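Okay, so subunit A shows up in both of these, paired with subunit B first and subunit C after.
And now, the complex of A and B:
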């Protein structure tokens, strides 16, 4: 029905949508800005790739393992956030990204600069997941992520995360353990990104350290900022639009990082809430048009 | 003994470069509380302009000041064009803006009509004498870096402590609104702040280009990250602390690599230092309790 190219782009959009949504849990809900999200993505990808190629695990347990391991690493890396706030946390997350890429590049176990190749496609009962079937897998994972985000935003935990975001001291006074919820946010966010990494590794078949570099963290952040920090719809729109656009527009493709960076600057100057974030110009118009409010 | 001195010297040279880059960052943080990530772009632009002028004229002593001026102008333009409009926004706003600026600058520098994705040689002859003693050898480039850093730091010290605008800077760093109420021209002070910091960063870019004989578009990544570690270590906004921290990090790196070898990627040391400092002394080494 669809061309292969279109399906590939949808798969990539779906994976980046999960990444953006998971960053949204950390940054949008809990207010912890991370510049190292690609590190979680990379840890998930490498975990799954190593388990399947070196230890001949099949995709499914490797996928689960990469979610669990990345979640644990996320929780561990969240520890500095207990001591430091705002800007300093940003530096710590940025450093995590540099170190992670450094380790992938210079430690032979992780394949060095040559990366890991020949990562098998997932299969179940003789059916190999490629093309449309792989897209289906990605969409199922995206749906799960969406459900989790929605669930979190409706539950007490989501409320607690928002309280941590707006005022840590006040949240603590109200009996919310700021430390616990920050670590929760790091674990959930990391775990989701880890799963996305696993899917990415098995989709591409080969991964290299530079796929998960600092620049990719910025790309994910700019998708979130563009759509609207703190909203599920914004994260989805940002990821799909900004991932697909450079693929279709050649000019944009050549200057994609200029585009991503420019978006960050322009959005912050003119629409800090994002294109369709709460209280943004467009979202107010849409609401007015729908006759709500 | 001689090898100890030699390692010490190369650590100090590295420290000088870190410090030149970090001073601008700590000054911006001191007065605006912004993590000025785009500072790294100024460093790379400085190196690129220096290389461009050197390739045109073949004269290093012309390319250095031109690069410094270009870097200074870039820094001031970044402030006037962008940061000035969002000074009162929540802190995440200037931070994300700064990341965006850095991203744009680096992407454009990587295009073929600027630096391109290649390494460029910067084979400048500095013309300073090399230092040769039984215990210690310094190349003329190393002599250049040590002397120039000393002179630039001296200039910054004099501006900060002996001029009226330096007084305005120190007042603004303590309390911007109060300083403004007392008649300090805040806008001028901040613009000067960016000017000085960016001039130093551009100088660092040129010096690194000549020292390692290479200039490339992403050369700002790792040093700028280390500069952040240094300003945290030095206590944000604290210039003497930054100088001390710059030497400490550079010496730690140089000695660890020389004695232990490559256990960890060299750049990971800065990160471990950062995490330890953040966990145990969040206000920096010289910071108050």
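And now, the complex of A and C:
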């Protein structure tokens, strides 16, 4: 029905949309800025890749294990956020990303610089998930992620996360354990990104440490900032637009990191709330226009 | 009657500075106790110790006979000790109603139901609206908290603390920056909360305001209690006049 190339791009957009949405839970909801989100992505990818290639697990339990393990590691890696605030946390998460890539690269168990190859495609009852079928899998996981984000934003826990983001002392006097809810955010965010990592590994068939390097964390952050931090629609738009654009426009593709970096700078200067975030210029216009009709 | 709150030789040192120095305070259930003293006397430090934001260097704090000086602020809050901040800390990006809801959720946060129960429930909303009604904030319910003038923000701090259903309320300079009508309204509100059975400790710089409201006053200077008694006794106490009123008279 669609061209193979188009499907590939949609698959990548879907995976990056989950990454952006999961970063949004951490940064947009709980206010913990992370420059190391690609580390979670990588942990998920490596977990699934190792389990299926070295221990002959099938994709499905390996996928679940990626989510669980990355969630647990996420909670553990969130511990620095209990001791340091804001700018120092940004530096700490950046460090974590470099350490993670270092481990993937230099520890033989993780395949070293040669990465892990021959990662099998998921299959169920003889059906192999590739092409459109793999896209369907990604879209189901994206739908689940979207539902979870929306669900969380309407629960007491979601309100507690917003309180933690807004003012930690005030959150405490409202009976909210700031430490506990920060760790919750790291666990949920990590778990979702871990699932995305698993899908990515099985889509590519081979993974290398540099797939999950610091630059990728910047890409994910700039997608979120571009769309609008704190909003589900912003995260979704940012991921789809900024993932698809460099693929389609060759010119942009050659300079993609310039694009992502430039977007961060320009958005911070002119539209810190993102293209369609709350209170952004465009979103206000859209709301005004909808209101008039 | 047993005190609702009691400190025992409570001390907090910052390096060489004795911000709070062997302070014994007893707060009787149902009273409005004033905590006054010149700048740097240790009033806010005592609030931070009681509410768990600081650990004492030595000494103990008991709330309803239970030791609380080793507990985290959110635990103390959930036990029913509400507090406001001298420098207001509203959740700026939330509406006034959501600010109150955030504190109304305190029974949910330690449990799994924080993830299963929706805060968009009519019951929670009704409760929050009642608190806004009582604190005269009903017409600001939908407003963004960060956009409010300082007087309304101070009222919101009280509203948020009330959502904990506190038995003890710590008010840190609630009158600061308020104009005349707002002061009257605040005094009325504090009086009303007290008549409903809430014990209140009031840190205040505005002397007429504190003298008019408090049944008993503790005067601090350099981290120590220098006087204690009814407002009219405090007013005549030579030590207080020297340490506090004399000081502020020279200032003014």
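Just so it is clear, the second predicted complex is superposed on the first by the 291 of 293 C-alpha atoms of A that agree within 3 Å, B and C clash if a C-alpha of one lies under 4 Å from a C-alpha of the other, contacts with A are read in each partner's own complex, and residues count from 1 in each chain.
Going forward, a residue touches a chain if its C-beta (ideal position, glycine included) is under 8 Å from a C-beta of that chain, and two chains touch if they have at least 3 such contacts.
Note that the structure is a prediction, hence the values are computed from the model and not measured.
By the touch criterion stated above, A:160 is placed in contact with subunit C alone, subunit B being left untouched.
In the superposition on chain A, A:244 makes contact with neither subunit B nor subunit C.
In the superposition on chain A, contact of A:90 is made with subunit B only, not with subunit C.
Legend: residue contacts after superposition of the two complexes on their common chain; A:72 is shown touching neither subunit B nor subunit C.
When subunit A is checked against subunit B and against subunit C, the one touching more of its residues turns out to be B.
When the shared chain is aligned, subunit B comes close enough to touch A:263, but subunit C does not. In the superposition on chain A, contact is made by A:169 with subunit C only, not with subunit B.
In the superposition on the C-alpha atoms of chain A, no part of subunit A is touched by subunit B in one complex and by subunit C in the other.
For subunit A in complex with subunit C, the touching residues are 152, 154-160, 162-163, 166-167, 169-178, 180-181.
Subunit B contributes residues 33, 35, 82, 85-86, 89, 91-97, 99-108, 221-222, 225, 228-229, 232, 262, 264-265, 267-268, 270-271, 274-275, 278-279, 282 to its touches with subunit A in the complex. On the side of subunit C, the complex with subunit A involves touching residues 51-53, 72-74, 77-78, 82-83, 85, 89-94, 98, 101-103, 105-110, 113-120, 160-161, 163-164. Partner subunit B is touched in their complex by these residues of subunit A: 33, 35, 79-80, 83-84, 86-88, 90-92, 94-96, 98-99, 102-103, 105-106, 214-215, 218, 221-222, 225, 255-258, 260-265, 268-269, 272.
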